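Each structure below is given as structure tokens.
Below are two complexes that have chain A in common, paired first with chain B and then with chain C.
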Partner chain A sequence: MLIQVENLVHTYAPGTPLAHTALQGIELKFDPGERVGILGPTGSGKSTLLQHLAGLLEPTGGRVWLDGVAAHERTPAARARKRQVGLAFQYPEDQVFEQTVFRDVAFGPRNLGLKDAEVAARVRWALEMVGLDPAAVEGRVPFTLSGGEMRRVALAGILSLHPEVLILDEPTAGLDPRGRRELLGRVLAWQQQTHMTLILVSHALDELPRLVERVVVLNKGQVIADGPVRQVLSDGALLRAAGLDVPQPVALLHALQKAGWAVRTDRLLPEEAAGEIARVWEQRSRGTRHRSVSKVPRGHREPEEDIP
Partner chain B sequence: MNLLLPGMYVAADSTLHRLDPRVKMGAALLLMVLPFAAPGLASTLLISAFVAAIAILSAAPPSALLRTLRTIFWLGCFMFAFRLFTTPGQPLVALGEVVVTREGLLAGVVQVYRLCLLVIVASLLSFTTSPAQLAHGLEALLEPLARVGLPVRELAMVLTIALRFVPVFFAEIEKIAKAQQARGAGLHARRPWRRLRNWVPVFVPIFVTAFRRADELATAMEARGFRGARRRTRLIELHLTRHDLLAALVVLAVAAGTWTLEHLM
Partner chain C sequence: MGALNQVFSHVPESGLASMKKPFIEIQGLEHAYPLADGGQIVALRGVDLTVERGEFVALVGSNGSGKSTLARHLNGLLMPTAGRVWVEGLLTADPRNLWAVRQRVGMVFQNPDNQLVASTVEEDVAFGPENLAIPPGEIRRRVDEALQVVGLLDYRTHPPQMLSGGQKQLVAIAGALATRPACIVLDEPTSMLDPPGRRQVIETIHRLNTQEGMTVVLITHSMDEATVAQRVLVMDGGRVAMDGPPEHVFEHGERLRALGLDRPPTVEIAHRLRGWGVPLPPGLLTVEALAGALC
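This part shows the complex of A and B:
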């Protein structure tokens, strides 16, 4: 599904002393099957934008077009498009309500009016996709599961809708590093299996480059950057101006560059950065000392200590 | 947040905002009773003028203030109809048994007008007094009752917590409602019974989180040494200033004025 955001404006509590404009003229386009990360400090309008993409809010100005249909309208055409957008809010485990895991995951497919057999098949598929064993968890009461398991059940409840567009608002908030890595790995696998559009709000800067091709940065309700992940996340000045962190490898490469090393700074992943440092290290030592550098240390910090 | 209930506290720095909550609550109570205790035209005019004056001092937008009257629309209609049809007097219109009298029409209008005044005064109080201040003021005003064994401090704490969590609660409902809508819950179903049933997926999680939150809050309070019944110290103590005394005197003067108008003229 093609999503076009056209001059989108959203004001909360208009006409009152608490009026607050969360989005001021957003222009964006998401192509089918694209993987996009959305970054922005607290209060930058991320959540408001996501809700608009799912047609859950009425724009104060502008439009969100889902395949050419205005998302907020209450027409059958708009409803059909909106059904193709799956949205998981932050802490999605809060929305689990049924008496069994099966029934909770089946809630969405049932609302689509599917037959029982199809519902059951989708529930099993979705539970497997989130890494739960359908046979083991289907009959359990969701509230007896651990927090992490409940989150997976909640995400399965959205995947079971087979959305063309999957929107995740900080799906890894509150998870430990391993849980985070695992969940994001699964998200990538879902996307590769179903070719859905993936729109992901995440501050896991160390993981984002593996997941998305493109990054949009919001600040104060405006898009301040929109481009390939490599380009946006290596722009330290831009990220810092928006009050965001810079990926650690990028910060290191910037520091090296400042110290006179001819490194490229658009290496976002630790292993990429290590490779880049190794390359430049080799060049330098070849140029100055003719020393063999076949055993360049892989640690990120060691070359830095060699700076005179 | 994006939520604005009618009469919700609006942080500002007006003359009314700065007054002591005890004075404001006492004055509000007096001003809410006065129109009913002093039914004469002259005293109603005096009270109206005074309420208009404090409305200006409150810096509350008049439109927001008037919007709070919507909450009593049906009550107002009912009271008007009640007075209209039950007051004996000179008949205006008669539909069989039902007789509308001139006195009834007048009494209905006056009754509704008083009700509106009452709501405006209550809104002015809630617009300019934060929930915490309200609870604090209430605790201070009810303090004498603590001596006869009423758990005033506990009640004030319960009230504070309840008021504090109203916006949180509404935000939570909104979030869950949207989440379930995104899963195809028909929350806008036309038939009331179906609509109620469709809201179950919203209310179950709300109850679950409410209980969890209550539990966490209790733990957090105990961890910080909350011991319920014992007397607590406060970060912000209430002190009456000259302005508070002046305000109290003005309100008492208005009350005395209406009494004079009612009884001596």
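This part shows the complex of A and C:
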């Protein structure tokens, strides 16, 4: 699905003293099959934008087009396209509501009019996808689940719809590092199989470069950066100005560059940054001291632009 | 022995104990949650642990490792299935000690929205001391002091829901501070916050520990946050699997990975560089430290 955001404006409580413009003219395009990260501090307009992409809000100005159909319209064509946009909210308790885990995950597929057997198969598939054992959790009451399990169930409820566009708002908050790696690894594998569009809001700068090709940065309701992940996340000044963190490898490379090292600063992952530092360290020590790095892999491979 | 008892007979039990005992002492702690079908989930399988006054301990571990259950034993929110927990010598399982224990150990949870109860920031912070039946003048002093410590004094008449996530969490911390605990236990206080909110909360906790001498137990999934602590406890399967200063715990990358955890990126970079023969001293947990060692 092609998503076009055209001069999108959203004002909450317009015409009242509490009026607040959350989005001030957003222009964005998401191509089918793209993997895009969205970054921005609290209040930058991220959540409002996501809700517009899913057609849940009516724009104050501008439009969101889903394959050329205005997302907020109440027409069969708009509804059909919105059904292809799966939005998993940041707080899973906002969207888990059924009496059992099975019924909760089955809710979407049932609404699609699928037969019982197909619904059951999708529920099992989706629960396995998010790392839960269907037999162990299907009969449980959602509110007896841990925070991490609830988050996974909420995501399973979206995945079971097989959406063309998957939007995840902080999908791994509260999960431990292994849980994060496994969950995102499975989602990424499925994305590559289905070529769905993946839009990911995340502050986890160490995992973002492994997941997305492009990053959009929002601040105060505006797009302040939109480009390849390597370019945007290595722009320390831009990220700091928006109140965001700079990836540690980038911060380290910037510090070394400032001290006169001829390092590239767009090495986002620890292994890339270590390779770059070792390379330059070896050059420097060859020139000045007679030391050398023993085991730096010869011809240390330059990472390709597309990291994963 | 009899004479000694006589000499100390006027000293309240907690006072005597605090001279001899660690601030928190845990022996053989086990905890099982009963299930509706008669079964149970065992969350803690024998924890022995002491925390000294003024320590800053980070509690890390994968989901289900028992961290949150352990935290809830530190101020008597849960009672041991087996084993014992003492806070300044007060046994948490003794119902007569409950208020004294909770006054010594304040808790802050993950979601600030679930912890704020009043219509202004100062009323919210006053909630705890009011429940302790403290005189109004004293409450006023404590509320102002607590808001001062977290840097929110200017916001005292604001409605909490108008604050950012980080500020709300600071209000929750101020609320815990207003009862004047000696220790504060925070259960993933930053996992719902954005980077500025996280920084605000972690800096405040760090300052409480270094400047106010507050004992801190911080539960976190962020290994970066754990580097701020003096001591890192790694939980696994209801037991303490690793215990030491962050620079020692982070040396064991393979072990941590096996326990479902990662090292901070900076530590990972330093480790790889050492492996390739770049001479670096041990430690180096922060970007500044590693850059300094390289230059």
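By definition in this document, the second predicted complex is superposed on the first by the 285 of 308 C-alpha atoms of A that agree within 3 Å, B and C clash if a C-alpha of one lies under 4 Å from a C-alpha of the other, contacts with A are read in each partner's own complex, and residues count from 1 in each chain.
By our rule, a contact is a pair of C-beta atoms (placed from the backbone, for glycine too) under 8 Å apart; a residue touches a chain by one contact, two chains touch by 3 or more.
What you see is a predicted model; the values in this text were computed from it and never measured.
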Partner chain(s) touched by A:251 [first = chain B, second = chain C, both, neither]: second
Touching partner for A:112 - first (chain B), second (chain C), both, neither: first
Partner chain(s) touched by A:199 [first = chain B, second = chain C, both, neither]: neither
Touching partner for A:96 - first (chain B), second (chain C), both, neither: first
Partner chain in contact with A:50 - chain B first, chain C second, else both or neither: neither
Per-residue contact with chain A, leading partner among chain C and chain B: C
Which of chain B and chain C A:158 touches, first, second, both or neither: first
Touching residues on chain C, where the partner in the complex is chain A: 61-65, 110, 164-166, 188, 191-197, 221, 223-224, 257, 260-262, 264-266, 268-269, 272-273, 275-278, 287-288, 290-291, 294-295
Chain B-touching residues of chain A, taken from the complex the two chains share: 12-13, 15-18, 20, 51, 54, 56, 83, 85-89, 92, 94-98, 107-108, 111-112, 143, 157-158, 161
Of chain A, residues touching chain C in the complex: 41-43, 90, 146-148, 173-179, 203, 206, 243-245, 247-249, 251-252, 255-256, 259, 261, 270-271, 273-275, 277-278, 281, 292-296
Residues of chain B defined as touching chain A within the complex: 1-4, 10, 12, 61, 63-64, 172, 175-176, 178-186, 200-202, 204-205, 208-209
